[in-house]
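One structure follows; several queries about it will come next.
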Amino acid sequence: MKFRRFAAALVAGAGVLGSFTTSATAQDDNVFKLAFVAFLSGQAAESFGKPAVQAATAVIDALNAGSLPKPYDKVGFGGLKIEVHLIDEAGGATKQVEELRNAFERDHVDAVLGYVSSGDCLAVSPAAEELKKLLVLFDCGTPRIFEENQFKYVFRTAAHGAMDNVAMARYLVKRGIKVADVGAINQDYAWGQDSWKDFKGSLAQLEPEAKTKVELWPKFGAGQYGTEISALLQENPALVYSSLWGGDLQAFVLQAAPRGLMKDRVVVLSASDHVLPPLGNKMPDGVIIGARGANGQFAEKSPINDWYVAALATAYPGLIPVQPHYRAAQGLLGLKTAVEKAMAANGGKKPNSEEMAAAMVGIEWDAPPGHIKLALGDGHQAIQSNAAGRTKWDPDAKMVRLVDIEHFAAECVNPPPGIKSADWIAQGFPGAKCD
Amino acid sequence: MAGIVRTLAAAVIACAALALAGFVIPNWLVLVATLAFSKGLVALGIVALMRGGLVSFGQGTFYCAGAYAAGMAMRSFGIGDAALLVALGAIAGLILGIIIAPLLAGYRGIFFATLTLALSMIVYGILNKTYSLGGSDGLNLHAPSFFGYHPARSQNASYALFLFTSLVTVIAAALCRIHFDSVRGLLSHAARDNEIRVEYLGASVRWINGINFVIAAVLGGVGGALSALSLGHIDPDFAFWTTSGEFVFLAILSGYVSVTAVFVAAILLELVRSYSSQYFPNTWQGALGVFLLLIILFLPGGLGSLALRLRPRGAKPARAPAENPNDRAP
Amino acid sequence: MHDPEKWKPIFRKDQALYVQRTSVKLAAAILIDGVIDASWLFIVAVGLTLVFGVLNILNFAHGSLFSVGAYAAASAVGWYYGGDLGPPFLGYLLMLGAAVAVALILGPLLERGVLRFFYRRDEVVLVLVTYALFLILEDATKLIWGAESYYASEPYALLGNVSFFGLSYVGYDFALIGLAVVTGLLLWFSLNRTITGKIVLAVIHDREISRAMGVNVTRVFAFAFTLGIFLAALGGAFTAPKISVQPGIGVTVILLSFAVVVIGGLGSVEGAAIAALFVGFARAAAIHLVPWAELFIVYLVMALVLAFRPEGLFRRMSARKI
Amino acid sequence: MTALLETIGLQKAFGAVIAASDISVAVQRGQTLGLIGNNGAGKTTFINIVTGHLKPDAGRVMLDGKDITGLAPRQVRRDGVSRSFQIPQVFTGLTLDQNLLLALAILRKEGMSSWQPARSDVRTAELDDLLGRFRLRPYREQTIAVLPGGVRKLVDVAMAVTHQPKLLLLDEPTSGVAVEEKFPLMDVIMRAIEGTETTVLFVEHDMDIVGRYADRVLAFSAGRIIADGEPAAVLSNEEVQRYVTGGAA
């Protein structure tokens, strides 16, 4: 009888697995089990996954060795050694939800830190909330997470995408770059759509005379942009904007530069610092670059940043740190701050999710890119300062340097609490504090 | 009739067993099982098609339709009851199925597969552009209620959903079993075996396949709605070709003899996937690929055939579609 | 009192001329971009359709073989120009060689080592088998080449630029068109004018009869599959200079070439050619005229074609006999 | 009274091959027709056209005065024309019981339910009667795939005679069986349909069988009917001897 067999099989299987997981549940009170999620395969592995993992490994090793400068000199998280469970973000949102649940429920990790893709962030947040477990998002861009939902156990330690494009627009103003018309090329999915919407909106506020001439929407992962480039050349806008990233952006630059698209024209690449190391001198000079925060070369001198640059240099000789390195470190230090705050409150015990979530609300900490503050989304969403600059190939150092750098205070490029970033941009940045 | 009674009895037992199992097993497995059953239902639809000799590579279309129907109902009309949402998912699948079935019922083999695949990719493309439905990032759903019972987001929420999913699954499975064992079910088998004779006996192969297609569509819609509820999130990837491919694999893995095997296969696949991604985070896809190859190579008849081998006095001798030479071109 | 200046017809004529000129420019751009796009699409898709025609396998691993070709070429080119070991133009031969090497290694390996165990199976099951291969190959390439990006851009710059109607194009892209044409002609010739080719066609037409007539079908399978892989790798190798070779580049290729093959008719070489142009122009037109539709234009075309010819443009259906 | 089956000027060509040219035949109820002619003469084409498997290029097919030209096989079957095949068309994956059960169930309103379990214990009477008439009882539980050719032939015919067809077309019922089995096989078939209203038309190469069972013979050659009438008359016809029976008799 099939169903009976099935029931039997299920119960039996459950028994087996149950037993062997309960044996694995032996909770260790002086290690902090951290699941770290990033793209280990697929289109985002090269540009985001690999660097993020490099950064996490370097920082966590240092944390466990207690070799960070104050105030991060405690071993691991408040004395708890950090044990990392690596999870591949590739495979779609459904898989991410499953893996998140397994990480918490089966592997009993104390917190999950990760996620580059906005889709994944949106998908896993409700799952973490349902399990009442701490989830820290360190990279994904979409503002929707805390503007459309309220979460108790979910935090994002990096600013959302709106700031990237507001800063780009402000850079044009600050540098007195006036353009008559704009052409845009963005991937046809949420990241590209949102980025362009924000940049277009910001420009409409700051340089209303700039007209949009053409919007191109290549597929994510297209890799070939010949036709798009022709279309841009034909429309011949004074400014070309793109939020492309990773392999797509590299391919675009490789194909656009030889055809003169990036010559005598303002080119704005809102999230592109991470393609400078691979592209090297194939990236033309004078391109306006954003790094989704004062990351990499934009980072200003500070004890923690000096330490971080040195640490990466020793761990990975010749590595040029870029945004994913910075965002991962920023997330780890934010989590560390929260955990240690919670332990201070509960008398040094290993904190549970409740305590950590409570402690993390609204915290501030100093990360390599500068001072970070969970100011939005009722203290769940970080804001941070941002910067932009122009590319300049340095033949001696054999690397692209960033020059004409402008920094923008966090409150200047991020919306104040209680207003959606889209509305904030549309209303002309009310309450923006630009020193 | 005796057969039906026995099947129904078995269904009741299965429900009880699952309800019990829900207590015994750890929560993570409850969550895995819930999702596995939801996906299994979609695969069950493919099994229904396979009995007629067709394999759809685009069940993501209906999976997605069911999920978005439930999601929209929840977000736009504030419908929160799981039963209602799943019913809507089924209706979405049904309508879509009835529209599409006549277009595809005339095709066989790889043509049918590619047509269904093309269809799902168009749905995928359109959803990516539909910003009102969250575009490529999709939508979040809140936890459903069950016949008026609102469990707080917690362990018993996941248990409640598991119970509900199991109920729907067992009912669907029992109905399919009855249908497969019926004369009409046998006719599907016959149609895969020899279309000419079926036609010369006065039956229409087109109709047989069409009906199977609609059954598969409804099951796809139900599975989609259930997945949406258990994930709390829907996005266009529901219609992506890899999603559909996973369902086909489930169907092949289980074979079309045993209905139960489909759900065993679904749980097995979830476990293999999650454990391989836990133990080889860098090469889990490759591991999954190897698993696929080995299963197809050594279990041509699927898990169901294995069950038959264990139980000699089986139903009809199982032959995987693999070994079935019929139904190439239409 | 009215001013005759206003009524100078010359003004309108100018405008007309201007409009005319821009529309000509636009048409030209669509045409050129379409053909360039079609050229690499064809090279990749024709391999896919050939494999299906002969082995009845819709090879979802085709995209991975594209990326393996790209990796191989990038490594070879990088090594060659890195230590500039000779005349730059030899780089092209090197890329060709890379594709050949990939085919000669992976072709027999996959066909003899894996696929042949599944030949008795239903073609849909075979799709699944190749999907498994796709998963395995994706991770295998990652293990071999890692997750960083590889460039082979030297050959891209080698041929300088050409400009049409004031639009500047990279000469290399026209070389690709040439490559596609040559590939197509060679393929057509070897299929229709050589014994081997005729045998392959015979197998495409009826496997059983060919076997009965003493054709060594097994060898034909191995040969055709290796040829298919070569074409995938060739596409990858010659696309490598334009892109950053890194994980995931094969995924889009599968879907695009899949669409082309389905539109052209599974197993039809001519079909692949026509369909590639079809898709190329459709995409170019969309990008120039309705950019927002680019995402699904290909699937739309596919749906429209299938709606009227579900078996594709060129596929002849075989009638069932009693 | 109208003929049971009447074909008027049937034309069918496959490329250059003429498979049927101006075939006009009238078949009366109760007759037993034998169709003779060497391979490619157009016998099977005639059957295929009558049963709707082929559409004639020209001409009409009347059944009981009703035009059934170009109807699909299943519609023709519903009108009472049934057939067997030179190569038995049976469900090789199913058991013999299941084959016949389907043959009995289709064409029945209540037959095609999704609830009615398809077990051989339903409609035992009919099924048993059928098994008996065709001497198939010994094999009922077995899968067709394992049964010998002769038995498959019988199953093929048995599936065709359910629901009392008005007209039964047998395409080479004895082909592919050993010489000594031909007569027994034909005996079983003819006895099985004895006493029913069914009119039989069979294609046969063995002239002894034709002589024994047919009361009217049509001789085909190159898509034309070259002789039509009493077996004796037709078989002695020179043209028939030259083109069909090859001088024998």
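Note that the chains are named A, B, C and D in the order they appear, and that numbering of residues resets to 1 at the start of each chain.
Following the convention adopted for this analysis, a contact is a pair of C-beta atoms (placed from the backbone, for glycine too) under 8 Å apart; a residue touches a chain by one contact, two chains touch by 3 or more.
This is a predicted model, so every value here is computed, not measured.
Trainee: Please find which chain has its CA centre nearest to the centre of all protein CA atoms in view.
Mentor: The most central chain here turns out to be B.
Trainee: I want to compare two interfaces, A-B and B-C. Which one has more contacting C-beta pairs?
Mentor: Looking at contacts between chains, A-B has the larger number.
Trainee: What's the chain with its C-alpha centre farthest out from chain C?
Mentor: Result for the farthest chain: D.
Trainee: Centroid of chain C to centroid of chain D, CA atoms only: how many Å?
Mentor: Those two chain centres are 52 Å apart.
Trainee: Distance-wise, how many Å sit between the C-alpha centres of chain A and chain D, to the nearest whole number?
Mentor: Centres of chain A and chain D (C-alpha means) sit 75 Å apart.
Trainee: Using mean CA coordinates as chain centres, what's the chain B-chain C distance in Å?
Mentor: It comes to 34 Å between the two C-alpha centres.
Trainee: By the touch rule stated above, which residues of chain B touch at least two different other chains?
Mentor: If we look for residues of chain B contacting two or more partner chains, we find 128-129, 196, 282, 285, 324.
Trainee: So which bits of chain C are touching at least two other chains?
Mentor: If we look for residues of chain C contacting two or more partner chains, we find 138-139, 142, 292, 295, 322.
Trainee: Could you say which residues in chain A touch two or more other chains, in rising order?
Mentor: 40-41, 188 - these are the residues of chain A that touch more than one other chain.
Trainee: Contact residues on chain C for chain A in the complex?
Mentor: The contact residues of chain C facing chain A are 25-26, 29, 32-34, 36-37, 40, 138-139, 142, 147-149, 151, 153, 156-157, 161, 167-170, 173, 239, 242-244, 246-249, 251-252, 283-284, 287-288, 291-292, 294-295.
Trainee: Quick check: in the complex, which residue numbers of chain B touch chain C?
Mentor: 55, 57, 103, 107, 109-111, 113-115, 117-119, 121-122, 125-126, 128-129, 195-196, 241, 245, 248-249, 252, 282-283, 285-286, 288-290, 292-293, 296-297, 300, 320-324, 328-330
Trainee: Of all residues in chain A, which touch chain C in the complex?
Mentor: Residues 40-46, 49-50, 188, 214-219, 221-224, 226-228, 230-231, 233-234, 246-247, 250-251, 254-255, 258-260, 278, 282.
Trainee: Please name which positions on chain B make contact with chain A in the complex.
Mentor: Going by the criterion above, the answer is residues 6-7, 10-11, 13-14, 16-18, 20-21, 24-29, 31-33, 35, 128-129, 131, 134-138, 140-143, 153-154, 157-158, 170, 173-174, 177, 227, 231-233, 235, 237-238, 240, 242-243, 258-260, 263-264, 267, 270-271, 273-274, 277-278, 281-282, 284-285, 307.
Trainee: Would you pull the chain A residues touching chain B in the complex into a rising list?
Mentor: 1-11, 13-15, 17-18, 21-22, 40-41, 85-88, 90-95, 97-99, 101-102, 104-107, 118-119, 122-123, 125-127, 129-130, 132, 142, 144, 148-149, 188-190, 193
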